[in-house]
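Next come the structures, one after another.
Same chain, two partners: chain A is paired with chain B first, then with chain C.
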Partner chain A sequence: MMEFQAFLFYFVAILTGLCAIAVVVTQNIVRSAAWLMFALAGTSVIFFLLGADFVAATQLIVYVGGTLVLVVFGVMLTAQGPFISMKTGAVEWAMSTLVGLLLVGVLIGTIVRDPTWKDLPKPKPTEANQSFNSVALGESLLGVEEATPEARLTGTFDPRTAPRRTRMAYLLPFEIVSVHLLVVLIGAAYLARAKRRRGATP
Partner chain B sequence: MPPLGLIIAVVSVVALLTFVAASAVFLIWVERKVAGRIQDRLGPTRVGGKFGWLQTIADGMKLLVKEDIIPGSADQFLFRLGPYIAFCGAFVAFIALPFGNGVVALDMNIAIFFMLAVMSTEVFGIIMAGYGSGSKWSLFGGMREAAQMVSYEVPMAICVLVPVIVAGSMNLSEIARAQTGWIYQWYLFRDPFTFCAFWTYFCCATASCKRAPFDLAEAESELVAGFHTEYSGLRWSFFFMGEYGAMFAVSGIAVHLFLGGWNLGLVPFELSDQFAKWMGTASEPSMVGFVIGNAINVIVFITKGMLLVFVMIWIRWTLPRLRIDQVMMTCLKYLLPISCVLLLGVSFWHLAMPSFVLQGLRYVLATVCVLWFLWTVRQVLTAKGTPLSQGMPAWWKEAEAPGYGSLTRT
Partner chain C sequence: MNPPVEIGLTHYLSLGAVMFVCGAVCMATKRNAIGILMGVELVLNGANINFVAFAAFNPAFDIEGQVFALFVIVLAAAEAAVALAIVLNFYNNHMTVDVDTAEELKG
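Right, the complex of A and B next:
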C-alpha cells in the first residue's frame, strides 16, 4: 500500500493538473479564472505537503489576490453580455499547443541532462508536526546561508552543516525589484488620475 | 490500522468543525439578542424558554428544509461552489489557531501568516457567488467586497507585523507564551505603538469580516442583500457560518497578538505548566495538572475571543454604514499611513527610550486601561433601568407572561 502522504501528494498533484487543463479548455473567462485559482491553490497545497509552509502561504496570499484582480478585470472590462465567453480559433490552438510542448520539452530536457536526476529524492512529504523553519529562508535572503542549492526540493539547508556566509545575498535584488514595483505603481496612479485643465478650480 | 497522525488529524478537524458550527449558532443568537436590546426590543424570546436561546437551532432547521433555488440566469458551477469556498477560507484558518498551551491542530512556524493567507481566499468565494448569481445586486456586492478586501488586507497585515516584530516570531503559540504573566505583560500595554496597533488592527479586522460599518458587500438598504441575494437554504447558511467563523478567527488573532493569548493576566505564571509542576514532581510533571491548567486556558481564550466578537456585534448595531468612497478613504488615507508609522515606531521605540520610561509607561497604560474597563462595567451594571416603551400598553401587558424576560432595560 502506498504511503498515505505520498498518496495525498499524487492526489493533489493530479487535481492541480486537471484544474490547469480546465483553465485552458474553459471558454467562460471568469470560470477560467476560478480554475486558475484552484490550480494555484493546489500548487500551494503541494508546497505545504513538502513542508515549505512559508512558500505555500506566500503562494496563496499573492496569487489569490492576483487572480482576484484578474476576475475583476475580466468582469469589468470585457463584459458585453451577462456571461463572457471566449472563442478560440484553430490557429490559436495550434500555436498554444506548440508553445506548451516546447516548454515541456525544455523542462524535461533540463531535468534529464542532469545525470543525477534519477537519484533525486522522491516527493517525500514531511510529518505533520515537523514543518521547516522559515528562518532559513530569511537567512538566505540576508546572505547568511546559501540555501537554495543544498536541498533541491524544499530549498532548506541541511541542519547538520554549520551556516556560512555566502557571496550572494538576495536582499539587494529583492529591494531593487520592490522599488521598481513602487515606481510602476506611482506611474500608474499618475496616468490614471483625473485630468484637470490648467487654471481650473479644483 | 490507520497511522496515528491521521487519527489526530481527523479528531482535531472534527473538533474544530464542531467549534466553528457551534460558535456560529451561539453568535447568531447573541447577534439577534444584542441587536434587539440596542434597538429597544427584546430580540428572540420564545424558542427554548426564557431567552430564546434555541432560536438559531430553529432557524437552522428552517434553512435545512428550505428549497434550494438556483436562478435561471446564474452560472451554476460558480453559484454552487461559492459558499463552500467562503466557508473553507474561514474554517481552514482555525487549523493554525492555538486555543491553549499546545492546544492547536497544527503548531505552525508561520501560523499568523498562514491564517492571513487562508482567510484572504474567503473573498474569492464571495466574488464567485456575486458573479455567478447573474444578478446586478450580487455583482455589485461582490465587486465592492473585492475592492474592500484588497485594500484592507494591507494595513491589517502591517498591523499584525507590529507584535510579530516585538515577539520575534510568527508562531502564535510563541507570541502568546511571550506574554505570560501579569496583565501588563500583554503586548497591548507594551508601548504606545502596540497599543495603537491593536485598535487599527481591530478596525481592519472588522472591515475584512465585512461587518458594519464596513458591510458594503451586503448593504441591505442599497443592494437588497448584496452577494447573497439569490441564495437560499443551506448554501446561504454556509455564508453565515463562514462569516461568524472569520469573526472569531480574527478576534482570536487579536487576542494572541495583543491580549495575552490564553494567559489569564491575573497570575504571574503559565497555568498549565505551573499546575503540571504542582501536581507532579519536579522531574515528572503531572499530566492531569497540565490538562486542568489547559482547560482553564482554553476557557480564558474563548472568553476573550467571544468578548471581541461581542464588540464587533455592538459596533455593527451602533454605527451607520459608510459610503464606499468613505470606506476606501478610511483605509488608504488613514489606516495605511497609521499602520506604517506604527511599524516604524515600534522598531525604534525600544532603542530610543531609557528603560524606566518603557517599564513605567507599561504600568501606566495597563492601570489606566484596567480602571477604565472596570469603571465601564460598573456604569453598565448600576445604570438605572428605563421602561421599554410607553406606547401600546396592552401589548406589553400580555408580554408580561412568564417566558418573555424582564421588560425593563438595564
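Right, the complex of A and C next:
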C-alpha cells in the first residue's frame, strides 16, 4: 500500500516537474499553454495525494477550468504570426538557466538539510481525520472557531498536542476575497472593453 | 536510484521548489507577456504545493494551509483576469505583446 503511494507520488511528481520545465523551454506560446495545463492538473493530483480533496477539486475547477481557459483565450487573441514564437537570446538563456539551477540547488539543499522537516511523520488517517476535511474547511470559512490557544501558531509538531486541532475562523478573509472578486470583475471588464475608434461610425 | 518507500515532507517541498524555479525562469526569459503570466501561475502553484504539504504534515496547521491555498487559487484567478485585460489593452494599442517594446513608462 505504502509502496504504491510512493510509486504514485514519484510518477505524478516527475511528470508535473517535466511539464513545468516544458512550459519554460517551449518557444511556441500555444504549446506552452498546453504544457501549463498538464502541470496544473498534475498539481491537483499532488493535492489529492496529500489528502486535500477540496483544494484539489478547486484547483481543477478554478485553475484548470477557469484561469487556464482565460490564458488560452489571451493566447489565441494575440497569437498572430510573429508573436507565436518569440525567440530569446542565447545569452539570456544561459544566464537564466544558470541562475535557475543555482536557485533550485539552494532551495533543495536547504530543504534536504533542515533536520526539523525530515522526520516529520505523515499523520495516519483516522476516522475523524477522514471526514474532517471539507467540513472543517467550510466551518472555518463560515467563522466557526475551535481553537486551543496554547497550541495556536506554534508551528512545531508536538505529539502531545497533535490530536488537538486549532481551527481558526476565516470569515473576514472570505468576505474580503468575495469583495475583491467583484472589484476584479468590474476592473477587468473596464480594462478590456472594446474601444471605439474616434470618428468611426458604429 | 532506490526510492525510499516513505514519502516525506521533503519530497513535496522539492517539487514545490522545482515548480517555483521553473516559474521564475519563465518570467525571466519569456518575451511574450502571456508567457510571463504563465510563469506567475507556476510560481503560485509551487507555493500552493508548499502550503498544502505543510498542512498535511503538520497537524497544528491542517486547516490553515488549505485555507491559504484556496485564497491563493482565488487571487491567482483574479490576477490572471486583470493581467490579461491589461495585455489585451496593450495589444490593441500597440499591436504587439512583446514586453521589450513596452517602454513608454521608462523615465
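One rule holds in what follows: the second predicted complex is superposed on the first by the 106 of 202 C-alpha atoms of A that agree within 3 Å, B and C clash if a C-alpha of one lies under 4 Å from a C-alpha of the other, contacts with A are read in each partner's own complex, and residues count from 1 in each chain.
We take it that a residue touches a chain if its C-beta (ideal position, glycine included) is under 8 Å from a C-beta of that chain, and two chains touch if they have at least 3 such contacts.
These figures come from a predicted structure and were not determined experimentally.
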item: Touching partner for A:23 - first (chain B), second (chain C), both, neither; value: second
item: Partner chain(s) touched by A:41 [first = chain B, second = chain C, both, neither]; value: first
item: Partner chain(s) touched by A:187 [first = chain B, second = chain C, both, neither]; value: second
item: Comparison of chain B and chain C by chain A residues contacted; value: C
item: Contacts of A:31 with chain B and chain C, given as first, second, both or neither; value: first
item: Partner chain(s) touched by A:58 [first = chain B, second = chain C, both, neither]; value: both
item: Which of chain B and chain C A:111 touches, first, second, both or neither; value: second
item: Touched partner set for A:67, first chain B, second chain C, both or neither; value: both
item: Chain B and chain C footprints on chain A, overlapping residues; value: 54, 58, 67, 71, 75, 83, 132-133
item: Of chain B, residues touching chain A in the complex; value: 2-3, 5-6, 8-9, 73, 75, 77-78, 81, 106-110, 113-114, 116-118, 120-121, 123-124, 127-128, 131, 134, 139, 143, 146-147, 149-150, 153, 170
item: Sites on chain A touched by chain B in the complex; value: 4, 28, 30-31, 34, 37, 41, 53-54, 57-58, 60-61, 64-65, 67-69, 71-72, 75-76, 82-83, 127-129, 131-134
item: Touching residues on chain C, where the partner in the complex is chain A; value: 3-15, 17-26, 28-32, 34-35, 37-39, 41-42, 45, 48-49, 52-53, 55-64, 66-67, 69-71, 73-78, 80-82, 84-89, 91-92, 96-98
item: In the complex with chain C, residue positions of chain A that touch it; value: 2-3, 5-6, 9-10, 13, 16-17, 20-21, 23-24, 29, 32-33, 36, 39-40, 43, 46-47, 50-52, 54-55, 58-59, 62-63, 66-67, 70-71, 73-75, 77-78, 83, 86, 88, 92-93, 96-97, 99-100, 103-104, 107-108, 111-112, 117-123, 132-133, 136-137, 140-141, 151-158, 161-163, 165-168, 170, 173, 177, 180-181, 184-185, 187-189, 191-192, 195
